[in-house]
Amino acid sequence: MQFLVRIDTARAYELPPDERAELIARERTRGRELMDHGVLRDIWRVPGRRANVGIWDVPDADALEQALESLPARPYAEIDVTPLATHPLTAEANPG
Amino acid sequence: MQFLVRIDTARAYELPPDERAELIARERTRGRELMDHGVLRDIWRVPGRRANVGIWDVPDADALEQALESLPARPYAEIDVTPLATHPLTAEANPG
Amino acid sequence: MQFLVRIDTARAYELPPDERAELIARERTRGRELMDHGVLRDIWRVPGRRANVGIWDVPDADALEQALESLPARPYAEIDVTPLATHPLTAEANPG
Amino acid sequence: MQFLVRIDTARAYELPPDERAELIARERTRGRELMDHGVLRDIWRVPGRRANVGIWDVPDADALEQALESLPARPYAEIDVTPLATHPLTAEANPG
Amino acid sequence: MQFLVRIDTARAYELPPDERAELIARERTRGRELMDHGVLRDIWRVPGRRANVGIWDVPDADALEQALESLPARPYAEIDVTPLATHPLTAEANPG
Amino acid sequence: MQFLVRIDTARAYELPPDERAELIARERTRGRELMDHGVLRDIWRVPGRRANVGIWDVPDADALEQALESLPARPYAEIDVTPLATHPLTAEANPG
Amino acid sequence: MQFLVRIDTARAYELPPDERAELIARERTRGRELMDHGVLRDIWRVPGRRANVGIWDVPDADALEQALESLPARPYAEIDVTPLATHPLTAEANPG
Amino acid sequence: MQFLVRIDTARAYELPPDERAELIARERTRGRELMDHGVLRDIWRVPGRRANVGIWDVPDADALEQALESLPARPYAEIDVTPLATHPLTAEANPG
Amino acid sequence: MQFLVRIDTARAYELPPDERAELIARERTRGRELMDHGVLRDIWRVPGRRANVGIWDVPDADALEQALESLPARPYAEIDVTPLATHPLTAEANPG
Amino acid sequence: MQFLVRIDTARAYELPPDERAELIARERTRGRELMDHGVLRDIWRVPGRRANVGIWDVPDADALEQALESLPARPYAEIDVTPLATHPLTAEANPG
C-alpha cells in the first residue's frame, strides 16, 4: 500500500550546527537504506520549507509507523500522512 | 488495516423528503451488509451533525475506496479518512 | 456514553530520554488499568503523529475529565473530545 | 450532563418570507417546550449572526441528538456541540 | 449585558507544581468572589482541555476587561469573548 | 459601548442589477439615519471586498442586534462583531 | 521540473449521470495521453475524496498551466500545486 | 503606493461558454488599459487556479477600489489585497 | 489614507514585571505622541486579549511601517493591517 | 520561471540586538547580490510584519531552493512559495 508522506523537520534547525550536521548525515544514511528496501519509493524537497514529500510503499499503517520511527530526525519531525489508492490510469498502465 | 472514517452527508438533506427517505433506507441496508462482512466494525452518530464516525477494517486503501464507493449516499458525502496503526496497549491485550 | 478522544503527546518528546521512557511506562500502566475497567474501549496510533485515537466509555463528561486527568502524560497532552451518539445500525445490531 | 450548543440557521433565511415566518413560529413553540422540560436551560442570540448559543441539559449524547432532531429548523441548521464538565466552583456552590 | 467567555489556561501548567497549585488556589478564591458578585453567572470545564467556559454578566466591555484582568491566572490565559444578545425565548420567559 | 462590526454583503451582488441598485439605495438611506443617530460612528470600505468595517456605538448587544436587523441588506450579510473596551490612551485624552 | 498536483473534482459529481460518465471517459483518455508524453508521471486516488494526487513533470509553470487547462474536467476542478525540488537522496541515486 | 492583489475569478467559469468568452475579452481589454496607465504594473497567472496575482500601483486605497470596481469580472471575483511598503533594498537601488 | 491596525502584544507579558511596566509606560508615551500628531486617530482594547484595535491615518504604507516600527512594544507585537477605503456614506457626510 | 516568495523572519527578532543587526547587514548584502544577478527581481515589505514579499526569477525549483538557502536569515525564516505562470496580458505586452 502507498502513502504520501510530508515530513517537516524545521525544529531540527534549532540544534547547534554540529549536532544538526551529524543528525542530517544519519538521516541521509537511513533514507538510503529505506530507498534500497523499496520502502521510500520517491522523495522531493519542498522549496522554501525544511520539509520533504515522499511516496512510501509499505504493507500497512503499522509498517509505515515503524519505518517513520526509524528516522533519526523523527523527534524533530511534524509528519502528515495521506493514504493513497490505485488510480484507474495506473491500473490500466500496469495490469496484473 | 483499520481506518477512522468520518462521513458527512449534510448535502443529502437538500433532497426532497421522499427521495431522501429512500436513499437513507438503501444506505442502511448497505451499512448492515458492510457490518456483517466485518468491513464496518463500529459506527457512531456525531450529535448535531449529519455525520457518522466509524472504524473500517479493510486490507488497504483500494479496498476502502471500493467500500466507500458502494455507499448509496456516496455522491452526497464529504469523507475524511485517517489511517490507524496498532497501539501497543492493543497489541499486548491481543497478542498473536 | 462514548467519546472519540484524540490525545497528542508531542510535547512529552521534548523531555530527556530517561524521563520520557519512565513517563511512557507509567502511561502504559495506567492505560492498561483504564482498558481493564472498560473505560478505554479501543485505542489506535495515528501513524506519523505522537498521537492516539481512542473510544472512551464513561457515564458523562465529568467522568471523562477525571479519567483523562489520571493520565501521567496529561500535562504534556493536547486533547480533542468528540461526544458520540448511538448509530441506528449499532442500535439494530445490539437491541435492548 | 450539559452541552454548550451553537445553532446557526443562516440557511433558513434563504426561504421565501412566509415559509420562513411559519418555520420560526414552529421553532419558537418547540423551543418553549424544551425550556419547559428543562432540556434547554439557557439561550442567547449571537449579535450579527443568525445563530444562537444555548446550554442544553440532557442525560447523554443520544438524548441531545433526539432533542436537536426535534427542532423544526434542524434541516437548515449547522450545529456545534461542546460537552461540558462540572467546574469545581460550581460543585462548591451547589454541593450534594 | 452578558458574554460567553472561554478561558484557556494551558500555559499555567508549565509552572512548577507548587507555584501552579498556589496560582489555582488564588484563582479559585477570585472566582468565588466574582460568582458572589453575580459577575460570573455560570462556569463549566471543557473536558480534555485546560479551559473553562462561562457566562459573565457585566455592564459593558470595559467592566468585562477589568473583571478578566483581576484573575490571577490572567497572564497565562488565552481568552475568547463572544457578546450575547437576549433571545426572544428568554425575553418571553422573563418579561419585564 | 462600542463594537467593531465588519459586514460582508457579497451575496447581495447575486441579485438582478435593478433589485440590487434599489437595495443599495435603501441601505444607504438607513445608513445615513444610523449615522445621524450616532449609532454608526465611523464606516469604511474594505478595498477589493464587498464589505465595510464600522464603529457602532450602542448601549449593549441587544441594541446592536436591533440596529443590524434594521439594515435592508441584512438577509444578504455575513457579519462579524468584536466588542471594544476603552483604551487607556483614549480615557486620558477624554477624561470625565 | 516536477510538481505535486492535487485535483479535486467533487463538483463534476453534480452533473447528470450520463454527462458525468462521458466527461470521465474523456478525462481518462486525456490522462492516458499525458502519461504517454511523460507529463503525468504518477497518479493516485485519495480514498474517500473525489480527488487525485499526481506527480507532473513539465518544463515550468506555463507548461503546467497548459497541461491542466487541457483536462476536460478542468471547469469542475479545484487544483492545488506544490513545486518540488530535487532531494539529495534522489540526486545521489540518479547522478548525472 | 503599491498593493499585491490576488483576484480569483472561479465563479465566472459557471457562466455559459459564450457569455464567459465575452466577459474575458472585456476583462482583457480593461486590463490592457490599466497596464497602459501604469496602474497594473505586473500580473501573473497562478497555475491550477482561476486566479491572477498582480502588483497594482495607485495613490491610495480609494483609487485601488475604483480600479478594481472597473473590472468587468468584478461581480465574479474574490479579491485579496495586501498593502506593500518599500523595502530598503529597493530604496537603495532606486534612490531619490 | 487610513488603516485598521490590530496589535497583539501578548508576548510582552512574558517579560519580568518591572521590565514590562517600563515598556508599557514608554509605549503609552509614544502612543500619546502618535495621537497628538493625528497618526493614531482612534484606539480601543479588545476585551480578554492583550490586543488593541486602532484607526491609523498616514500618507501610505511606508509611513505606516515607520509609525509601527517606532512603537517600543514592536519587537513583541503581532500586527494585522487592513487598508481602508472611503465609504460613500462618509464621503457624503464630509463632502470636499 | 518566476515565483512569488513571502519570507517571514519574525524569529530573527528574538536574537540579541547586536547579533540581529549583524545578521540583517549580511542579509542585506546577499539581497543586493541576488538583485544584481536578476534572481530577486522585486521585493517589498509587508507593513506591520517582519516579512517581505518578492518576485524571484530562477530556472526552476532547485535553483530557487539554492537561492533561498543562501540567505543568512534562512534558519530564522518561514517561507511560502507560489509558482507563477505567464499571464496573457504580459505575453501580449512582451511578445517574443
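Chains here go by letter, A, B, C, D, E, F, G, H, I and J, matching the order in which they are written, and residues are numbered from 1 within each.
Rule of thumb we're sticking to: a residue touches a chain if its C-beta (ideal position, glycine included) is under 8 Å from a C-beta of that chain, and two chains touch if they have at least 3 such contacts.
What you are looking at is a predicted structure, and each value in this text was computed from that prediction instead of being measured.
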Partner chains shared by subunit A and subunit G (touch criterion as defined above): B, J
Selected from H-I, F-I or A-G, interface repeating A-B by over half of its contact pairs: H-I
Whole-Å separation of chain centres (CA-atom averages), subunit G against subunit H: 28
Rounded Å distance, subunit C centre to subunit G centre (Cα mean): 39
Distance between chain centroids, defined by C-alpha means - subunit B, subunit H (Å): 45
Overlap residues in subunit C, where contacts from two or more other chains coincide: 2-3, 45, 47, 61-62, 64-65, 81, 83-86
Interchain pairs in contact, sorted by label: A-B, A-C, A-G, A-J, B-C, B-D, B-G, C-D, C-E, D-E, D-F, E-F, E-I, F-H, F-I, G-H, G-J, H-I, H-J, I-J
Residues of subunit F defined as touching subunit H within the complex: 13, 45, 47-49
Subunit H to subunit J touching residues, read off their complex: 2, 4, 28, 31-32, 35, 40, 42-47, 52-53, 55, 82-90, 92-93
In the complex, subunit H residues that touch subunit I: 1-3, 60-62, 64-65, 81, 83-86
Sites on subunit G touched by subunit H in the complex: 3, 5, 61-62, 64-65, 68, 75, 79-81
